[in-house]
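The following blocks contain the structures, represented as C-alpha cells.
In what comes next, chain A is part of two complexes: it sits with chain B in the first one and with chain C in the second one.
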Partner chain A sequence: MGAAARFIFRRRGSNGRGKGWHWTDIVTWVWLVCGLLIMFGPAVWLGFSSFKTPAALAEFPPTILPYVTQEVRVEGYDKPLALYEATLEGGGTRVLAEVRRIGIVSQMVDPNAPGEIIKVNIADRAPVRTMSFATENYTQPFVQFDFVQYLWNSVFVTVMATLITLVVNSMAAFALSKYEFRGRSVAMLIILATLMVPLSVIMVPLYSIISTIGLFNNLWGVILPTVATPTGVFILRQYMLTIPDELIDAARMDKASEWQIYWRIVLPLAAPALAVLAIFSVVWRWNDFLWPLIVLSRRELYTLQVGLSIYAGELNVQWHFILAMTVVTMIPVVLVFIFLQRFITTGIAGAGLK
Partner chain B sequence: MTPIASSSPASNRRLGSILFVPVQFVMTLIDAPLRALQKLTGISGMAMFFLAPNMLIFGIFVLLPLAINFVYSMTGGTAFFLADRTFIGFDQYSRLFECGNYLDPLSCQEDAFWTAVGNTAWFVVLQVTLMILMALGTALILNRDLRARSFWRAVFFFPVLLSPVVVGLIWKWILQRQGLLNFALFEMGLEPHNWLTDRTWAFAAAVAVSIWAHMGFYALILLAGLQAIPKDLYEAAEMDGTKAARVFWRITLPLLAPNLLVVVVLALIKAVQVFDEVYVLTGGGPGTSTMFLTQYIYETGFASQLRNPGLAAAASILMGLVLVVLTLFQLGIGRRTEGKRKR
Partner chain C sequence: MGQIKLTNVKKSFGAVDVLHDINLHIDDGELVVFVGPSGCGKSTLLRVIAGLEKVTGGSLEIDGRRVNDVTAAERGLAMVFQSYALYPHMTVRQNLAFGLENSKMPKAEIAERVGEAARMLEIEPYMDRRPGQLSGGQRQRVAIGRAIVRRPVAFLLDEPLSNLDAELRVSTRAELAALHARLSSTMIYVTHDQVEAMTLADRIVVMRAGRIEQVGTPLELYNMPANRFVAGFIGAPHMNFLRGDIVEHTPGTAILSLAGGYRIAVDPGTAPVTDGQKVTVGVRPQHLTVSRDTASPKVRLGLVEALGAETVVHGEIYGERLMAVLPGQQGYRPGDEIHLDLQAAPLHVFDEQDLRLFSTAGAKAKAPV
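== the complex of A and B ==
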C-alpha cells in the first residue's frame, strides 16, 4: 500500500523527495481522483447494477455488488422461505427460515426441523446473502423482445455507413487535394457550408425527401444522409496533401489510370487518416439517435439506440432489462475506448474537430 | 494531424490481403470502364468523377432539404408532401412571433416555442460557461508535469464516446428517487430530492449531465492548445521569478485565447442544438421545463397530435440562422489565427 501510494503520488522531478507539496499539487490530485470517480463511476455502477435481480434493484440502501437473499424450500410451506441468520436470546446464532413477520417479531423455523416456531426480534436477524449475477437480465431481452434484431440493425447501419463514408469521402478528398480544376473552391465552399447545417435544422424537409425516394422505414434511409461528412473530407484532404505529387506523376508515366492512382497509391498511403475517420464514423453511426428515430417507425427496423430509448419509455419499471441492454449498447464504444482511444484523442487534438 | 501508421505483424497483413481479394477484384473490374471515361474527360476531368458521389449526397441530403425548408416554412396543413400543401406566405413566422410580451412565453400564441427558446437560452448560457471553465481547469491540470498523463486524459474523455441514449439512461438510473445520488445524500445526512420530477432540479440535471458528457472533448482541444505554447516563455518567466498567477494571466491565457474562443463557439453551436441525452433523461419534462428547441421542432414536425411541418420548418430556419452566425464567427476566428501562425 505504502509503495503503491508512493508510486501514484510521486511527482516527476521531485521523485518523492525534494520540495514538499504545493497547494496546486493537492488541487491537481483532488481534481484527478474526483474526475476518475465521476467519469467512470456512473458507467461502473451501471455495469454492477445490470447484474442485479429486480428485488435487489429495489433495495434501499443499495449494495455495490449484486447480492440475493438465499431461500430454502421447507416442508409444509408452499413458497420458498428467506433465510436469516438470527441471534438468539441465549447468545449464539442460527440460520433460520422466516415464515412470516408480525410487527417487529419474526416467526422463524429451522429448515431442518420445521415443526417448532421460533420468535425473533427483527433487529436480531440479518438476511443470508450470496453474490449472484442475474444473467437472465441479459438473456431475457434477447429472447423476449427483438433485441437481436436491433443489434443486427445497428451493426448493419454502422458497417455500411462507415464503408461508404470511407469510399465517398476519400474520393472527394483525392479530387480536392490532387487536382487543379475549375470549381474546386466552389466545391470546398459547399462542403464547408454543410458544416453549418446540422440535422436539427433540416429534419422536416429531409424526412420528406427520404419518403419521396421510398427510404422511409428503410435502414438505407438512415445510412445515406450521413455518409458524406464534411469532417471526413477535411481529415482525408489534409492528410492527402502531404502525399508527394511526384508519386502520382510517376504512376501516370507508367500509364496508370486515375482510378488506379486513387486505389493503388493514394488510398494505401492515406491509411492512417482513413483509420481515424473509420473510428470516428463507427462511433458516430453507432450512437446516432434522432435521425433513426425519425426514419424508422417499424419495430423490426429499430437500431439499438432507438429500441433502447423506446423500451426505456415503455418498461418504466423494468430497470433490470433496461440496465442490461444499456450495457450491451455501450460495449462497442467501450471497446473502442480501450483499444483505439489514443487514435481519437490525437485525431481531435490534431484537427480540433468532431 | 500526426500520422499514426503502426507496423502490423506479417500475419495480420496476410489476413488483410485475403480479406481484400474480392475488393481488389471489384476495383480492377471497375478500372476498364473508368479508363474509357478518362479518355473522354482527360486527366483533370476525372476530378469531377471523384467528386461526384460526395456532391450528389451533399446535394440530395443537405442542400436540397435546405432549399425546400424555406418553401415548407411558407406552407400550411399537416400533409408532408409539398404538392399537397397550401402556400400561406409568412403566416408560420408571424404565428411564431405573435406575442403579447416577449419575456412571458405564456402570452404567445406558440407558447411552447417561446418556452423552448427560453429554456435553450438558459441552457446555453449555463452549460457553456460552466463546461468551458471546467474544461479549462482540466486542461491546465493535465498540462502539468503529470505521470500517466495519457491515462488521465482518457479518463476525462471517456463519456464523450458514449451515446446520448446511454448517457441519458445511466443518469436517469442514478438520479431516480431510489438512486445512487439520493443514497449518497442520505448517508451524509442530507435531504434526498426527486431530481427528475422537480422543475428546477431537472433543468440543473440536464445541464450537469450534458457537461459530464461533453466536457472531455473541449478539455482535449484546450490541452492541445496549452501544449502548443512555447516552453521557453515559461522558462523565461521562471528565471524572472514571476508569480504563478501572473504567468497564467500574462502568458497562458493570452496565448490560449484563440483556442479558447474556438472552443467556446463550438460549444455554443452544440449547446443550441441540445436534444438527445436530455430527451432520454427527462423527456422534456417535468411539464416543459427541459424542452429545448430541437425537441420543439421534432415534436411539432413529427410527434405531436397537432402536427405542423410548416411551423417546425419555420422554427428550424430561425435556429439555423443562429447557427450560421455562430459558424461564420468560428470560421472567421479560424482564419485569423491561421493567418497569425503563418506570419
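== the complex of A and C ==
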C-alpha cells in the first residue's frame, strides 16, 4: 500500500492505534463520502449525461452511464432495427430485431433469418443495451450553431476584461497603498462600500449609460462596466501594503519615475495577488450571464453563457446540447483552478482575506 | 564635489516637530556620522537630506545649490538602506543597473560601471542571483554596490550594519572605512552604535530629540563632551555621574565636594564657577583606578563582570551607582569594598543645566578601551 493510500485509509481505531473502528472513524467516513457525492455527483452526472442521446436523457429510470439500445441492419429493411433479448413462449431466449410494435405485441425478426416474423409480448423482451457516447452532442453545436463564435466572444471578453481589470485595479491599489494623501482611507472605504451594491440595483442606470455612449450590442459594453472591482482593489491594496516602503524610496533614489516604480517594482512584487485577481476575474467574466444578456441582443455577439440559453426554446429544450456545452464552458474554469490553485491559496492568505 | 549645508532645517509631521533648527556644514569627502538614541531624528535628518522627506523650514544646499524643492532623484545622492531595500525580483546585476538604466545611460557604460563595482566589492560570483539567495553580508555589499555605480555626490548610509552579526559587522566596518578612503567622496552615516561612530567618523554629530547636541571629531567628543548627554552617550560603558558642589574657588583651583563629603581640588581653567554651585562630576569607568589610600572614596561592589582582559565592577559610592573598568583579572567578589582613586582620573564637570563647565586632564590618563 502506498503512502497516499495509507494516509487516506488511516483511522483512529477502537483502541486509538488504528485497529478496528472508532465511532469518529465512521462519522468521518460517512460525512466525507456524502460530501464527495454532493460535490462531485452533479458534475459526474453532467459529464456522463452530456454524452447521452435525447432519448436516453428522457429515459426513466435514469442511468448514470450513457446507454443506447443496440441496432442492427437487417436485410429487407431500410432502417436499422433495435435489438432485443426476447423470452420465447417455449422457453429460452433469443436476440431478435424489432420490426414494429402493435399494441402490446412486438413483431420481431431474427437478424440471421430475416424471413420469419416472430411475435413477442412486449413484457417479454428487454433491449440489448450497449454503452455509447453521443459525441455528436459536442460536434453538432460547433458545426450547426454559432458555438465557435460564442466561444470566441467569451474568450475575448474574458481576456480583455481581465487585462484591463489587472491594470486599472493595480493602479488604484498602488495609489491607495503607497501614496499619502488626504482622504485616502475615505476613498478606500467608499470603494469597499460599493461591495454592498448588487448588480440588480445598478442594472438600469448602468444600462442607460452603456446605451447612451453607444456600447449597446458591443462586446466593450460587456467588458468596461466590470473592470473596476472593489474586491480587486482590496486584494491588491492589502498585498501592496506588505511591500516595504524602503523599496520605493530606494527606487526613487535610483531615479525611477512614479510610473517606473509602479511598473517595474510594485507590479512584479504584487504578482501573487495579481494572479489571484486574474483567476477571479477569469472565472467571473467567463461565468457572467445577466449583464451580457442585457447588453447583447444580436446572436453573433453572444457569449457562451448567453448562447447556452438559446438551446432552451419556448417549446423544446435541447438538453443534450445544453449539457454538452455546459461541460465545454466549464473546462477553462476547471483548468484555471487545477493549475493555479496554489496561487489562489497563497494569494488569498497573503491578502489577509477569508 | 559633495558639500552639504543645512541652515535652520526644520521638519515636522503634522503638529509633531521632529527636527528643530539643524545647522550643519559637511565638507567634501568627509565621513560624518549621525549618532543618537532611537527616535532622536537622525534617520529623519538623513531622509530629509536624501529628499525622501520634504523640508518644512530652513534651507538645504548641496554644492551651493539650494535643493529644498529638488526631488530625491535629482539631488545626485545615493542611499544605502537599513533593510538594504534590494529589489527582490531582480538579479544582483539588474539591481545594480536599475538606477543607471533610469538615467538613460548607454548599455556599454552601465555594464562597465556594474562590472567595476562588482570587482571592487567582490560580488562577481553571484551577479546573476536574486537577493533572496544571498547571505546578509552579501546583500549588504550589493546594497553598497548599488550606491557606488551611481557615482553620487554623496553617500547616505542608514544604519547599514545593524542587520549583520557582530563579527561581520566589525569586518564590514573596516571595509566601509577602506571604501571611503578609496572613493574619497562625502558619506553621511547614521547609526545608534557609538562604537561604529567612533571608529568610522571624521566628525560625529550627536543628536537628541531632533536637535544637534554636539558636532566634533570622535576624540573631541570623548575628551570634551559639550554636555552631560554627549558625555554619557559617547564611550562604553557610559560615564559615571556623581553629584557635588563647588565649595570654594580661587583662580586656578576649585574645591569640589562630592555628595559624601569627599573633596577634590581641580583646575577649572577659565570656567565661570561660583562658590556653592551645584555641579555634576563625570568620570569615565576606564579612568578609575584602585587606590591603596584608605582616605579615597570607598565603593561597595555589586556585580563583578570578569571579562578576562579587564574586569567591570558595578558598585555604589555615596549612594550613587558607579561603574569602573579595571585592567586584568582582579578577583573581586560582590560585597567587597575597594577604594577608587578619583584624584588621578580626568574629570568632567557639568553645571546645573548639564552644560560642561570644564574638564581636567587627570594625573595619569589610561588609554580608552
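Simple rule for what comes next: the second predicted complex is superposed on the first by the 290 of 354 C-alpha atoms of A that agree within 3 Å, B and C clash if a C-alpha of one lies under 4 Å from a C-alpha of the other, contacts with A are read in each partner's own complex, and residues count from 1 in each chain.
Going forward, a contact is a pair of C-beta atoms (placed from the backbone, for glycine too) under 8 Å apart; a residue touches a chain by one contact, two chains touch by 3 or more.
Remember, predicted model here, so these are calculated numbers, not experimental data.
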Taking chain A as the common reference for superposition, should the pair chain B and chain C be classed as clashing or as fitting?
-> fit
Should A:185 be classified as contacting the first partner (chain B), the second (chain C), both, or neither?
-> neither
In this superposition, the partner of chain A with more touched residues, chain B or chain C, is B
For A:144, is the partner it touches chain B (first), chain C (second), both, or none of the two (neither)?
-> neither
Between chain B (first) and chain C (second), which does A:42 come into contact with in this model arrangement: first, second, both, or neither?
-> first
What is the value, to the nearest 10 degrees, of the angle subtended at the Cα centroid of chain A by the Cα centroids of chain B and chain C?
-> 60
Who does A:260 touch here: chain B (first), chain C (second), both, or neither?
-> both
Return first, second, both or neither, reflecting whether A:329 touches chain B, chain C, both chains, or no partner chain.
-> first
Look at A:252 in the shared chain and tell me whether it touches chain B only, chain C only, both, or neither; answer first, second, both or neither.
-> both
How far apart, in Å, are the nearest Cα atoms of chain B and chain C after the overlay?
-> 8
Once the two structures are superposed, pull the chain A residues common to the chain B and chain C interfaces.
-> 252, 257, 260, 271
Going by the contact rule at the top, pick out the chain B residues touching chain A in the complex.
-> 1-5, 27, 30-31, 34-35, 38, 43-51, 53-55, 57-58, 60-66, 68-69, 72, 80-82, 137-138, 141, 144-147, 150, 152-159, 161-166, 168-174, 178, 180, 183, 186-187, 212, 216-217, 220-221, 223-224, 244, 262, 266, 273, 275-276, 280, 283, 293-294, 297-298, 301-302, 309, 312-313, 316-317, 319-320, 323-324, 327-328, 331
State the interface residues of chain A toward chain C in the complex, per the touch definition above.
-> 244, 246-247, 249-257, 260, 264-265, 268-269, 271
So, in the complex, the side of chain C touching chain A is made of residues 47, 50-52, 71-73, 77-79, 81-83, 85-89, 98-99, 102-103, 146, 150
The residues of chain A that touch chain B in their complex are 10-13, 24, 27-28, 31-32, 35-36, 38-40, 42-43, 45-46, 49, 58, 60-62, 167-169, 171-172, 174-176, 179-181, 184, 187, 190-192, 194-198, 200-209, 211-212, 224-225, 227-228, 233, 235, 238-239, 252, 257-260, 262-263, 271-273, 275-276, 283, 286-287, 289-290, 294, 305, 308-309, 312-313, 319, 322-323, 326, 329-330, 333, 336-337, 341-352, 354
